[in-house]
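The two complexes that follow have chain A in common; it is paired with chain B in the first and with chain C in the second.
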Partner chain A sequence: MLSSPTVRTSLIFVAVALISLLFADIAITASNPWRDLGNFFLGVLTPNFFSSEGLMTALLRTVAFAFVGVALGSVCGFLLSLVYRFLPVRIFCAFIRAIHELFWALIFLQFFGFHPLTGVLAIAIPYSGIFAKVYSEILDEADPEPGRLLPPGTGTIAAFLYTRIPDCWVQLRTYTAYRLECGLRSSAILGFVGLPTLGFYLESSFSQGLYSDAGAMLILFYVLIATMPLWVKPKILPVYILGAPFFLGEGLPIVWGNVERFFTEDIVPSPLRDGEGLAGLIPWFNDLMINEAMPGIWNTVILTQIALVATGILTLLAFPLISNHFGGPVRRTSGHVFLVIARSTPEYILAYILLQLWGPSMLPAVVALALHNGGIIGHLIGRQTNGIRLRPDAPTGFNRYSWELVPRVYRSFLAFLFYRWEIIMRETAILGILGIYTLGFYVDSAIQNIRFDRAMVLILITALLNIGIDALGRYIRRKLALQTMPTC
Partner chain B sequence: MALNLIRKLMFSSLFCFTAATASAETFVFTAIPDEDETKLVERFKGVADYLSQELDVEVRYIPVKSYAAAVSAFRNNQVQLAWFGGLSGVQARRLVPGSEAIAQGVEDEAFQTYFIANTSTGIENAEELSALEEELKGKTFTFGSKGSTSGRLMPEFYIRDVFGAQPEEFFSRVGFSGNHTRTLRLVEAGTYQVGALNFQVWEKELADGNIDTDAVQVIWETPPYPDYQWTIRGDVNERFGDGFKERVTEALLNLDDQALLESFPRSGFIPASNDDYEPIRKTAEEIGILD
Partner chain C sequence: MSGFDLSGLTASFGGERVIGPLSLTVKQGEQVALVGKSGAGKSTLIRLIHERVNRESSLVPQDLGLVNALPVFHNVFMGQLDKHTTWYNTLTLIRPFSRNRDEVRELLRALGMAEKLWLPTASLSGGQRQRVAIARALYRNAPVLLADEPISALDGPMAHLVMELLKERFQTSVIALHDVEMALKYCSRIVGIQDGQVALDESSKRLTATDITSLY
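Here is the complex of A and B:
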C-alpha cells in the first residue's frame, strides 16, 4: 500500500498535520461551552423572525450585492479568460483572487467608505480572477473539431461564438450559477465589516447572545440558498441583474480626494512618508516581518494544514451519508440536509459562532473549515459514488465502504482536497479578523491602528503565500495525475 | 410582465437618487462601537433627533463595526461629528487637521479602567496592581477592542509599566473581546479569567442588576485619565453655514434630557479641547500604537 504515491502523499500530509497539532493552540476555553451551544441550538429552534425591521432589507441587500458583484466579476472574468494564455494576465488573475473578499472590502472601506461600490468591488475583483481561470479551463477543454470544419476566412469572433461557446455553454452556465451561490455567501459576510448585508445583523445579534434572532437570520439564509433553483431562472436573470444595482442602498457619498490620498499617502511606508528614506525603511520592514508577518505566516500555515486534513477526514466520514450504497431514504435525506447546511454556511460565520461558544483558540477555526469544506467535497464525492455500479454480490457495510467505494473515489477525493487547499488557506488568513493569530489578525490590527502601509504589506504577503500554495497544490495534482473539473 | 417590473425598478431607483441628493446636506455622525449595538442605536438615534431639532438640519447616525471604521468615516468626511474614545479621538484629530474636541462627559475628565476577574480565580481586590503580580501571572486575559482607550490602551500601559512585560508574555492567553459589554460577559462566563473594561459600563450594568457578582469582581482600578469626547471636523462651517460648529457645541453642552444622558451614561457634557488629550497621545506613543 505504501508503494502507492497517493497513499504516500496522504500519509505525508497527515504527518504534517500531526506535527502542526503539537504547535497549535487547540483548546476550549469557555467554562460552559455545551450550555452555550445548547442555547444556540435552542435559538435556532425558536427563531424570531421579527427581531429587526432591517432584516428583510438586509436580505435584499445581500442578494443585490451578490448579483451585481458576480455579474461584474463574470463579465470581467470572461474577457480576461480570452487572454488568459498570456503570463502577465495569469499572474494578475492569480494575484487578485489570492486576496479574500473581506480584505478587498477592508481596503475599499478606507477610501470609498460605506458606499455600495465598496461591497460590489470586494466581490467583483476576486471573482474576476477566479472566473478568468475557470472559464479559460472550460474553454480549453472545448472540442476543437467544430472549429476545424469552418470554411477558411471565418472571423475569429464568429468562430469563437459559433464553435467554442456552444460546446461549453452548459458548463459555463453551471459554474456561473455555482459562483452566484458563493457570491451570496461572500455578500453575507461583508456585513461583518459594516456593509448593510446579513452579516451586519448576524454579528450584532450573536455578540449580544440573541440566539433566536441569529437563528432566524441563518434559517432565512439557508432558505434563500436552497430555493435558488426556484427563483434564479435564466429568463428573469436579466431583470435581476439590471434591477440589483438599484437595491444596493445609497450608503454615503464617495469623496474622491480620499482615493488619491489613500494611494499617494496612506499606503506609502511611514519611513518614506516621514522623509527618513531607504535607511528608515529597512528597520521598519524588519520590525514588520519579525513581529507580525512571521508569526502570522506560521500560524496560518499550521492552521491550514490541520484544517486540510480535518476536512479530508470529515469528507470521508460524510460522503456515505448521501451515497445510494448505504442506508435508506431517511438517512440520505438527513444526510443531504446536514451537508447542505454545512456547505451553505460560510466558514467565517461558522468560525464566528464556534468562537463565541467555545472561546478563542484554533479549534473553532479548524472545525469551521472542516465542516464547510468537508460539506462541499463530501457532497461531490457522495454524488460520484451514486454513479458507481457494484456487483450484486459486493460486500456490504464497512467492507463495502473501505474496500469498494473509498478506493474508487480516492483519487478524485484527493483532487478536490488539493483544489481546495488554497481556498482553505485564504479563509484561514481571514479568520484572523476574529481573533485567531493568523495573518488576518495582524492585518486587522494594522487597520485598527490606522496603519494602512503595514496592512498593505501584510495583505501582499498573504497573497503571495496563497499563490505559493496554489502552485504547490497544482504541482502535486499534476504529479499524482489527479484530474478535476472545476466544479467546487 | 418583465417590462412592467423594469419600469417599476426604474421608478424606485429614481426615488433612490432623489434621496441621495437630499442627503447631501445631511449632518452625519457616528460613534465608536464600544457597547452592544442595540443600546448604541437607541442612544444615538435619540441624539440624532435632539440635534436635528436644535440645529434645524437633517441629522443622521450611522452605526459602524469597528473603532477604525469610525475614525476612517470621520477622516473621509463621510461623517462630520463623532463620539470618540480618548485614543480614537487622538487618532482622528491627527488625521484631520482643523478638527476639534468640543465636548466631553462630566465623567470623562477622570475616567477609569476596571480590571475584573472571574471569582473562580480567587483573586481579591487590591489597591496596587503590583500586589497582584503573582496571582495574575499566567492567567487568561481579555482586552476590549484593539482601538479602545479604556479597554486596551490604558490597561496595556499599566500591565507593561507595572509588570515590565508585554501582555502576551505575562498572560497565558490574550484576546480582544470587541467591546466592553462582551469583556464583562466573557469574564463572567469564565471564558477569560481576567479582563479590563470601561468603569462606566461596569457601574451601569451593576446598577441595572445585569452582573452576577458571585461570578465576577473588580480587582483593580486604574488612576484617572481623560477619555470620551465629541469631535467635530474643522470644515463644517463651510458646509453647513457660519457658526455651525458653535451651534453644535452649544447643543451638546445644553443636552439635559435625563433619559438620554443616562444611556451614555453621563451626568452632562462639558467643554473639552484637543490639549486635554495630550496624556493619551503620549501613552499611545509610548506603547507603540501611534507612530
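Here is the complex of A and C:
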C-alpha cells in the first residue's frame, strides 16, 4: 500500500496539514456559539419572506449580474480560446483568473464606485480567463479527422463551424451552464462588498440579528439554483441575456476624475508619488513584504493545506451518502439534500455565517471550505460510484466501502481534489476580508487605509501564488497520471 | 492533371519502416485496386497518396471522419465547403439552401438512404455511416478517388451498388479492398502490397482470384 504513489502523495499532504495545524489559529471564540448556531437554524426553519421588498430586488439583481457577467465572460473567453495556443494569451488568462471576483470588485469599486459596471466586470473578467482555458481544452478534444478531410481552400471559419463546433457543442453548453450556476454564487457574494445582491441583504440581516430574514434569503437562493434546469432553457436564454442589463439597477454614476486619479496617482507606489524615487522604493517594498505579504502568504498557505485535506476527508465521508451501493432511498434523498446545500452555498457565505456564530479564527474558514468543496467533489464521486457494477457476492457495509469502492474511485477523487487546490487557495485568500489573517485581510486593510498602491502589490502577489499552486497541482496530476475533467 | 506519378513513397512507425520506398504511377482513367493482407500497408499508402495529391482527390478514409453531431446533409455538404463563401457556408449550417438540399438528396437516393438526410450521423448504423462518407467523397467530385475499404461494412447488393457508382463517377481511382472478387470486377488494375512493397502490378483482365490469393 505505502509503495503506491497515490497513497504516498496523500500521506504527504496529510502530514503537511497536521504540521500546519500546529501553527494554525483554530478556536471558537464566541461566548455562546451553540446558542447562536441554534438561533440561526431556528431562523432557517422559520424563514420570513415578507420582511421587506429588499429581498426580491436583491434576488433579481443577483440573477441580472450573473447573466450579464457570465454572458460577457463567455463571449470574451470564447474569442480568447481561439488564440489560446499563444503563450502571452495563456499568461494573460492565467493572470486574470487568478484574481478572485471579490478582488476585482474591490479594485473597480475604487474608481467606478457603485456603478453596475463594477459588478459586471468583477464577474466577466475572471470568468473570461476560466472560459478561455476550458473552452480551448474542449475544442482541442474535437476529432481532428473531419477537418483533415475538408477540400483544400475551405475557409478557416467554415472549417471551424463545420468540424469543430458541432463536435464540442454539448460540452461547451454543459460547461457554460455550470459556470452560470457559479456566476449566481459569485454574484451573490459581491453583495458583501456593497453591490446590491443577496450578500448585501444577508449581511444586513445578520448584523441586525434577523435570522429569519437571513434564512429566507438562503432558502430562496437554494431554490433558485436547484430549479435552474426549469427556468434556464436554451430557447428563452436570449431573452434573459438581452433583458438582464436592464435589471442591474442604477447604482451611482461613474466619476471619470476618479478613474483617472486611480491610475495616475492612487496605484503609483507612494515613494514614487512623493518624489523619493527608486531609493525610497526598496524600504517601502521591504516593509510591505515583511509586515503584510509574508504573514499573509504564510497564513494563506497553512489554511489552504488544512482546508484541502479537510475537503478530502469530508468527500470520502460524504460520497456514500448518495451512492447506490449503500442504504435505502430515504438516506439517499437526505444525502442528496445535504450535498446540494453544501455545494450550492458559496464558501464565502458559509464562512461568514460560521464566523458570526463562532467568532474569528481559522476554524470557520476550514469548515466552510471543506463543506463547500467536499460537497462538490462528494457529489461527483458519489455519482461515479453509481456507474460501478460490483460482483453479486461483493462484501457489504464498511468492507464494501473500503475494499470495493474507495480503491476504484481514489484516482479520480485525487484528480478532483488537486484540480480544486488552486480554487481553495483563491477562496482562502479572499476569506481574509472576513477578518482571518490571509492575504485578503491585508488587501482589504490596505484599501480601508486608502493605500491602493499596497493593495495592488498584494493582489499581484496573491495572483502569483495562485498561478504557482495551479502549476504545482497540474504537475502532481501529471506525475500521478490522473485524468482531469474541466467541469468541477 | 488527374493521374499522378509518385516516387519515393515511404512511411515509418516507431522507427520501423512500414511502406516503401516505392513508386506508383496512375494514369488518367485507371481504376486501381490495392490488395493485400491487413497490416500490409494499404491504408498507409492511401494516406501517403492523399498527402501528395491533396488538391485533386476525394478521400474515403477507413475511419470515415464524420462529424457525429451534425446531420447527414451537412456531413455530405462538407465536401464542397471550398466552393462557397463563409457566409454561404454559415447560413447553410443554420438553414440549407434548397439547391444544395436537392443535390445531396439525389446523391443519397443513389446510395439508398435519401430518407436519412436530416438524421444526426451519430444515430446511423455502421453501413449507413460508411455510405455518408462515400456520399461526401462523391459530392466533393474531385478528379481522383482515394478510398480505404469503402465497402467493408456493406452487405452484398449494397456493396455492388456502391462500387458501380464509384466506377461510374470517378474516372481515376485508387481503392484499397480486401475482397478480391470485387477488385477484379470493378477495377482495371490490381496492385498487390506485401510487407510495404509492390508485390504484384497487373491489369485485372490478366488475373484470376487465385493469382491474388498468394499475397494473403
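Miscellaneous remarks
Keep this in mind: the second predicted complex is superposed on the first by the 488 of 488 C-alpha atoms of A that agree within 3 Å, B and C clash if a C-alpha of one lies under 4 Å from a C-alpha of the other, contacts with A are read in each partner's own complex, and residues count from 1 in each chain.
By definition in this document, a contact is a pair of C-beta atoms (placed from the backbone, for glycine too) under 8 Å apart; a residue touches a chain by one contact, two chains touch by 3 or more.
All values derive from a computational prediction rather than experimental measurement.
With chain A as the common reference, chain B sits beside chain C without any clash. Of the two partner chains, neither chain B nor chain C is touched by A:L22.
Contacts of A:P146 after superposition on the shared chain: chain C is touched, whereas chain B is not. Contact with neither chain B nor chain C is seen for A:L278 once the two complexes are overlaid on the shared chain. In the superposed model, A:S204 makes contact with chain B only, not with chain C.
Once chain A of one complex is fitted onto chain A of the other, the partner contacts of A:Q110 are limited to chain B, with no touch recorded for chain C. In the superposed model, A:V255 makes contact with chain B only, not with chain C.
Once the two complexes are laid over each other on the shared chain, residue contacts for A:G155 go to chain C alone; chain B is not touched.
Judged by the touch definition given at the top, the superposed model places A:L87 against neither chain B nor chain C.
In the superposed three-chain arrangement, the CA centre of chain A forms the vertex of an angle with the CA centres of chain B and chain C, and that angle is 150 degrees when rounded to a multiple of 10.
Partner contacting the larger number of chain A residues, of chain B and chain C: B. Chain B and chain C never share a C-alpha pair closer than 20 Å once the two structures are laid over each other.
Judged by the document's definition of touching, no chain A residue lies at the interface with chain B and also at the interface with chain C.
Taken together, the chain C residues at the contact with chain A in this complex read 54-55, 59, 61, 63-70, 74, 78-86, 89-90, 93, 136, 140, 142. Residues 2, 5-6, 9-10, 12-13, 16, 19-20, 23-24, 28, 36-38, 62, 64-69, 71-73, 75-79, 91, 95, 118, 120, 140, 145-147, 173, 175-176, 178-179, 181-182, 185-186, 189-192, 289-291 of chain B are the ones that touch chain A when the two sit in their complex. By the touch rule above, chain A contacts chain B in their complex via residues 29-32, 36, 109-111, 113-114, 192-194, 200, 203-204, 207-209, 236, 238-239, 242-243, 245-246, 250, 252-253, 255, 258, 270, 359-360, 435, 444-445, 447-451. Listed in rising order, the residues of chain A touching chain C in the complex are 143, 145-146, 148-155, 157-159, 161-163, 166-167, 169-170.
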